[in-house]
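The same chain A turns up in both complexes below, where it pairs with chain B and then with chain C.
Let's turn to the complex of A and B:
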C-alpha cells in the first residue's frame, strides 16, 4: 500500500490536506515570511485546480528541485533576521509546499500529514490564545478527516464527518485526563528562541530619539491577587533598571548583566519565614521572548516551582532563567512596605552616580549645581525638582518631537513636553549631577481590572520612573510624570489619554472605552481568555500537585499507585463504554421484537425453526403442528404483522395495539398447559 | 532456510488458531492488529511534541500530544471494530487448465447492522501484492486470481485480508483458510486427431484404440471438419471438398490409454487431456484407461470432467 500511486483528479483526501495546510499557514503567519506563505498558497491553489481538472501536465522533478534550491537560498539569505525556531518553521512549511506540488503516492500523503501535525504543534509555540487553539483543533480534525478519506475513498462524506467528530469526542476526555495526571516536567533543555517574537520593553531607552510613541494594545501579563487589588497608586510593575547613561541613551549596566548571568548558576533558596506583610499574587506572562519579569515592589517568588524559574537580581528586578516563550505562570508575593536598601559594598552608589563623559546637556548640569547650592538637604532638593515639573507648565504628550542634541536640556528648558521617559531621564540626570544616586526603572504602571481580583496590563501601560536614594541608604520611588499627568496615575493610561486617541483604529481596545457594547464585548472576551490562561495554559506542576493533594489527601506511595490504577480503570471503562456493543440496540423495532419472541416460543414448542422463511411461509410450515384455534390466532397475528410491515398505511396506532393484544393472547394460549399444538402428523400415522 | 522454518511454524500455529472453514466471522481469535510504519512515526511525533511542550513549558502542546495518543488508542478499537464486522465466505474456485489463471470467489458481507468501511487488501499468503477492494463500493463478491502451474488438486493457501481504516495508524489483518480444494486440469497439448482414426500410438504410453473403421459415405465439407477426414482423392479429382464419414459403433472402442509409469508422462497426460476435450466436443464416446483403472466409455461434460480429474491426479495422492 505504501508505494501505490494516488489519483489526482477528484481525490478528496488531497484536497482536504491542502485546505488544512493553507489554514495552518495562515495561523502560522507570525513566524512565516511572506514569500513562504505565498508559496504554500500557490501550492494549495494548484491542488484545487488539479482536483477539478486532473493532471494535464506533469510537473518535472527538475523544476521542483530547482524551486527547492532557490527556496533554500532565500531562506539562508533571510535567516539573519530571524531566530532559529522561525527558520526551522519556515523551512518545514517550504518543504511541505513543494511536497504538496508533487504529491503522488500514499507515502507522500502520510509524510505531509505528519509534517502538518508537527506544524500544528509549532503554531502553538507562537500563539496560545483560545481562538487560535480552536482553529488549530479544527485543523487537526481536518487532517484526521483527510487520513480517513485516504483509506476509505468511497465512504459517504457525511459518514466520514460523523466518524471524525466521534473520534475527536471520544479522544478528548482521555486526553484531558492524561493532561491532568501526567507529571508536568521542568524543561529538559534550552530551546531556540525566536528573535522576532521579542516584544515589550527594551533594554535601552533613548528619550530624545522618539518623536512619537506608538501604543500597542497587546496584553503583557495578567496578575491575579489572592487578596484585594493594590490601589492604583501602588501599581508600579518593575521590569528592568536602567543605570548606565551616555548622554542620550539609558541602558542596563554591564555589571548587572554579568551578575544576572552568574546568578543563573547559583542555587536559590526560599526564605523560610517571610517577615512583614506579604501578599500573594500570580502572574500569567504572555510570551515575549525576554527574560524580564514584571513585579510589584518588592516581590519575590512565592513557592518552590517559581523559585526554580526566577532569579532575584540585586537591583530588585526579577528575571526568568529561560526566556518566556509561551504563556507562563509565576507565583509571587510582594510587600509594599518593604525597604530597598542600597548594596552594602557601595556598588549601587558607584553605578548610580555615573555621568556621561561627553559634555552633553550643559544647562541641566548648571541647573543641578544651582539646586545643590540652594538646598543642602537631599529630600528638599528632590522635592524642588518635582515641584519644578509641576510649576513650570510642563505637559504630557505622546508626540514630543525628536530631541537629538542635548536631550535633557531641550526637554527641561525648551520643549517642556514629553512622556514618561523624558521626565524620568531628566530627573535622574539632574539628581546624579547633584550627587544623589538615581536610576531609571522601566516597567508598567496601572492595569485594568478584569475580575474582582485580577488585573490585565497592556503594552500601552508601559512607563518609566525614577528611583533615587536621597538618604544614601534606601531606594525611594519618584514619578515625575505624575506631577504633570496625575490622572494617568489614578485612572490609568486609557482615561488620561482620552483626548489623544482620536486617530486610533475603530475596533481597537482603546476605542472600546467609548462604546458600551464594544466595551462589554471586549470585557467578555477578556474574561474568557483570562480563565483559559489561568486554568489551561497556567496549569503547572504546582497546581497539579495541589490537585492531587486535594483528591488524595496526604500522598503516599500506596495511594498514588491506587490512583494510577483508578485512572487506568477509568480509561478502560471509557473505552468499554465506546466500543462494547449495546445489545439493547438490536431490538429497537417493536413489531420485530413481538414477532421474534413469538416465533422463538413456537420454535421451542414445535421444533420448527423459522430460519430465513418469510412470515407467511413459516405460518404454512407450522400448520400441521398447531391445533385449529392456535393456528387461526397465529394466522391473524401474521396477517396483522404483514399489514404493518408491508402496507404503507398500515403503520397506525390501532394496528400496533391490535398486534400487541394478539401477541398477548397467543402467548397465553401457548403457555396454557402446552395445549396449543398437537403432535406431529408424522408420528400420528 | 530460516524463513521457510518460520513460515512452517507460523502456519502450524495459524492452523491451530484459525482452523479452516468455508465461512469466517472475524473475532478476537482471528484478527491481528499492529501499528503500521506511519503509526510508529505517529508515536515518534507524539514524543517530539511532548519534548517541545515540556521545553517550552507549553500546556497546549502537551494537550495536543495527549490528544494524539488518545486518538491512536481509540483508533486501535475503531479499526478492530470495523474490521471485525466482516464476514467472509468462500464461493469456490473455478477449475482451470494448468497455466491458466484460476479465480477464487469470495463473498464479503457483514454480520453487523453497520457495514464495514474502508479499503480492504486481499492477497494470498506470502504474496507481496494482491487486490484492493473498497468495502463502501458495495462489492459483495470478490475474485482473487491465482496463477496455476501444475495439474493436480491443491488445497488453497491461506488468504490474507488487511485493512488500514480509519487513519492508517494500525493495520488489522487476518490469514484465513477456507478449506477449499483447487482442481487444476492438465495442460492441453494439441495432437493431430488423425491419431484417433488411424490407431497410431501417441508417445510411448498412450495408445488410441480405434474401433472398426468402416467407411460409410462421403458428405460435403463443412467448416470445422477435421482435415484428416477430407477425401483427398476426390478433391484431387476436382470434386467439391468432401469428408469421409465412418460408421462408428465406437462406444466401446475409442479408448485412450495412459501409462502412469511412462517416461514422458506429463506430455502424455497433456495430449490425452487434449483428446478428451476434443472427443467430448465431437460428442464421440471414449473410454479412458489409466494404469489398471478404466473409465467406461461415455460422452458428455460429466464424463469429460471425470476423466480430466483422473488425469490430473495421476501420480498424486488423493
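Let's turn to the complex of A and C:
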C-alpha cells in the first residue's frame, strides 16, 4: 500500500496539528455548535494522550465510523436551525475531529492540514477583528510548523521556527504590496445568510411584552466625520421607521417594504450639487446580517460606490442592497438642517394615522379626545403631551415588567415607568388618536468618541423616538424619553445607568468606566480595532483608486501600465533577492579552482555538466565527447588532481606545479580545438 | 599479488552466487572492514549460500543459528552446566562461539535474544554468570532478515540496526544467471581458499589505507547534509560516519588501492547508510532512497 504510516508516540507533527486544530475551533466558536466543539476537544485530548503514552491500541475504525454516522444525523437534525454556511463549517470541523482520531498515514496528515488552512480562511467570514487576524496568523504558523516537523523530524524545533518566521518576513512585503496594488475583484458568489447571525434592531417592537431589556456591549458601527462631531443632541442614528400598529406591536409597514424592494431595481442617481450645509462622514458597519443602515438625519450616499450599495427610502431611512455580512464601509453625507417633508401623494398621512380597530387602550383614547378639545393648535397639543411626561411621576427603567393588556393605558396611567420603546409607543398612539400623523423611529442614540472625529455606537445605545407632523407638512423629531431621562440623551446611556450598575457583567465595558486602567485598555483596543477596520478592512476598490490617483496624479493608460510594470519588477526584484543563489565564496583552495575552471570550460564546450560527480566519473562521462588528444590530456589532469587530493604524499610542491602546467596546456588545447568537439548527443538532434 | 587474489576470490564466490558481483564485493568489503553484515531479502534468494561460501573460502569455523520466536539467549550464547563426574560447573559455549555466524531470520526472535546477539557483536565477548568469555577472532556475523511486512517479525530497532556495518539485499537473479544456476547445479569450484591468518592480515592492512582530508571532508559533508536538510527521518550518527570511512577503506583495498577515493565512498554509501537513514516504521519498498538523494546533493570534489 502506498503512503507511509505515522508513528503515534512522540510524533511532534501530530501534536502541533492537534493544537492548531483546537485553537482554530476556539476561534470558530461563533458558527460552531457546542457538541462539535466538544468533539474536536476530545479528539485533541486523545491525541495529547497518545503523544505522551503512545498507546498503540487506537480507536477502532468501527467505533469512529459509528461516531461519524451519529454526527451526520445530529448535523442533519440541527441543520434546520442554522444557516447553510454554519452547517457546512460544522460538518467540516466534525470531519476534521474524526480524522484526527484515526490519523494514521502521511496522506491523512496532509488532508487534515489542508482542511485546517481552509477553515482558517472560513474563520475570517465570521470575524475580522485585528485580534482574530493575529490568532489566525499564529494558527497558520503552527500548521506550517507541523508540516515541517512532519518532513524533517530530525531538525530542532527552533530551526523550524526560525525558518518559518524568515519565510513569513520575506512574504510580508510582497503580500502588502499585492494587497495595495492588485485590483480587487468583486466576489464571485454570494454568501448564504446565516439564520443565527442577524443581530441588532428587529423590525418589530412590542413594548408591552418586554419585561426587562438586556443590554449588549457589542459595537454596532463606527462613524468617522470629516469635520467636527455632531453635538450630542443631534446624534440620532435612524435605522428603521415603524409605522404599522396592531394595538400591541409596531412594525415596518408592508407598503414601505414593497417600496424598498422595488427601489432595489430602479437606478439611483446622485443628487445634483447639494444645497445647504452637508457634512461628510464614513460608516463602518459591523456585520449584522440585516439590510438597515444607521444614519444621521438627513443622510444620503456621498459617492458613487456607496450609491450602488445604498437605497434611500421614502421614510428617510436607508437600507443596503445586500445584507451586511462582513464589515463594510459606506461614505455618507448628512445635513442636520434639512427638512423632511411628507410625501406629496398623502401616503405618509394615510399610513401614520392608521390605528387598530380593536377596543384596546380605551383610556388613552379618551385622553386624546380631551386633549383635542382643549388645544386647537397641533403644536400646543404636542407640547402638552411632552409636558405630561415631565410633570407626572414618570421614570426611566430597564425593568418595567410586562404589560400584556392595554399596554399604552397601563404605561400612561398606572406604571408610569419604562424605557424608550414605551414612551415612543405611547406618544405615537396618542398623537394618532388626536389626528396628528406620527410614527416611531428606531435606531441608536449617542455614541462614544473614540478619537477626535470618530464615534463608536454600541448595542446598548439602541433607542426609539417619535416623528410627528404637527403642521401636516414636515416631519419633526420628538423624544419623550428625554423628558424623563435627560441625562440619557446628553451624556449617553452609560451615565444615566450609573445606578443600575449592579446588573452589569463584571468585565463589561460599562464597568470598565469605573476603573481608569480597564477603561484605558478598552479605549486603546477600540482605537486599534478602529484603525484596523478603517485602513485594512475598509481598503476597498475605491480607496485603491484614490491611492493610485494620489501617487500617479491623473490616471492614463500609459501611466497605469508603467506603474504596474514597475510594481511587477519590484516584486520580481524582491523575489530574486531571496532566491538567487549567493555568489560562491572565494576559493581558498587553489587546486579546486583549477579543476572547476577546467570543468566549467568543458561543460561549456561539450554541454556535459559535472553535477556532483567525482573526478573519475566525470572523465568517463566526457569520454565520448572529446577527441583522443584532449581526452588523454584531461585524463592526465584528472589523475594528477586525484593524486594530490587522495594519495598519501601527494601534496608536494612539484605536484602542484605539474597540475598547474597541465591546466595551462589543457586550456590552450581547448581554445585551439574549439571546432573539434562532438556536441553531446542531447543537443545533436 | 593482491590484485589477482581478489579477482580470483570474487570469481570463486561468484560461482556460488551467480550474477551478483556487486553484492559479493560488498559482503567481502564488510568482512575486511571487520563489520557485520545484514542481508534483507525474501526466503530463497541465496543468503545462506553466500555465507556458506564465505566461510568455506576462508576456512572459518561456521555455525548457523536459526532464530525463532522461542529462541532464548542461553540457546545461543551457551550455558553453565553441572558436571556430575567432576562435581563442578562447566561452561558449555553456545553456537555463537564461532568465527562466522549466520544469524538466520534475526527478526523472528524476541527482542531479548536479538539484543543478546547484538551485544556480543559489539563487545566481541560474552558474559555469563559473571564470567567473561572472549569470542574468537575474526568474528563475523551475517544476519538475515525477512522484509518487515512479513508476518511474525519483530523489526530490529534503529539502535540495533546501527550495529550492522552494512545492509544489502540480493534480489532476484537475472534470466541468464538463473539459467546458468539451473543447468550446472552442483558444480562448484572450491580450489580457491585462504587461511584465517590471511584474512586477519588483510583486515589489518585495510586499517592502513590512506584517507585524505578531501575524502574525510566529503564524508562530513554527507553526514552534515543528512542532519541539516529537511526530509530525513533519521540523521547519520558519528558511528555511521566511522562505518562509512571503514567500509570505503576496505572497498579501496579490494580494488588494490592504498588510498580512498570519493568513488569508494559512493560505492559503499547506500549499503552503509540506507538502513540508518530510514525510519524503522517506513516500508522498505518505497521508491525514494534517502542515501541516493544525499549522494546526488553533495559534491564529492569541493575542498
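One rule holds in what follows: the second predicted complex is superposed on the first by the 570 of 685 C-alpha atoms of A that agree within 3 Å, B and C clash if a C-alpha of one lies under 4 Å from a C-alpha of the other, contacts with A are read in each partner's own complex, and residues count from 1 in each chain.
Rule of thumb we're sticking to: a contact is a pair of C-beta atoms (placed from the backbone, for glycine too) under 8 Å apart; a residue touches a chain by one contact, two chains touch by 3 or more.
Keep in mind that this is a model prediction, so the values were computed, not measured.
Of the two partner chains, chain B (first) and chain C (second), which one does A:575 touch, if any: first, second, both, or neither?
So A:575 only meets chain B here.
In the superposed arrangement, does A:7 touch chain B (first), chain C (second), both or neither?
Touch partner of A:7: chain C, not chain B.
I'd like to know which partner A:148 touches here: chain B for first, chain C for second, both or neither.
Both partners, chain B and chain C.
Can A:435 be said to touch chain B (first), chain C (second), both, or neither?
In the superposition, A:435 touches no partner, neither chain B nor chain C.
Looking at A:648, would you say it contacts chain B, chain C, both, or neither? Reply first, second, both or neither.
Only chain C; A:648 stays clear of chain B.
Between chain B and chain C, whom does A:592 touch in the aligned arrangement: first, second, both, or neither?
A:592 contacts chain C only, not chain B.
Could you tell me if A:617 is touching chain B, chain C, both of them or neither one (first, second, both, neither)?
A:617: touches chain C, not chain B.
Does the superposition put A:175 against chain B (first), chain C (second), both, or neither?
The answer is first: A:175 touches chain B but not chain C.
Would you mind checking which one, chain B or chain C, touches more residues on chain A?
Higher number of touched chain A residues: B.
Kindly list the residues of chain A that each of chain B and chain C touches, one partner per complex.
Of chain A, residues 148, 151-155 contact chain B in one complex and chain C in the other.
Going by the contact rule set out above, which residues of chain C touch chain A in the complex?
For chain C paired with chain A, touching residues are 210, 212, 214-215, 226-235, 258-263, 266, 279, 281-283, 286, 295-303.
Which of the residues in chain A end up touching chain C in this complex?
4-7, 148, 151-155, 588-589, 591-592, 595, 610, 612-617, 642, 645-648, 650
Along chain A, where are the residues that touch chain B in the complex?
Residues of chain A touching chain B: 1-2, 110, 114, 117-118, 120-122, 124-125, 128, 133, 136, 140, 144, 147-148, 150-156, 159, 163, 167-168, 170-172, 174-176, 178-179, 182, 184-191, 322, 325-328, 536-540, 571, 575, 578-579, 585-586.
Touching chain A in the complex: which residues of chain B?
37-38, 41-42, 45, 48-49, 51-71, 73-75, 77-78, 81, 113, 117-119, 121, 132, 134-137, 163-168
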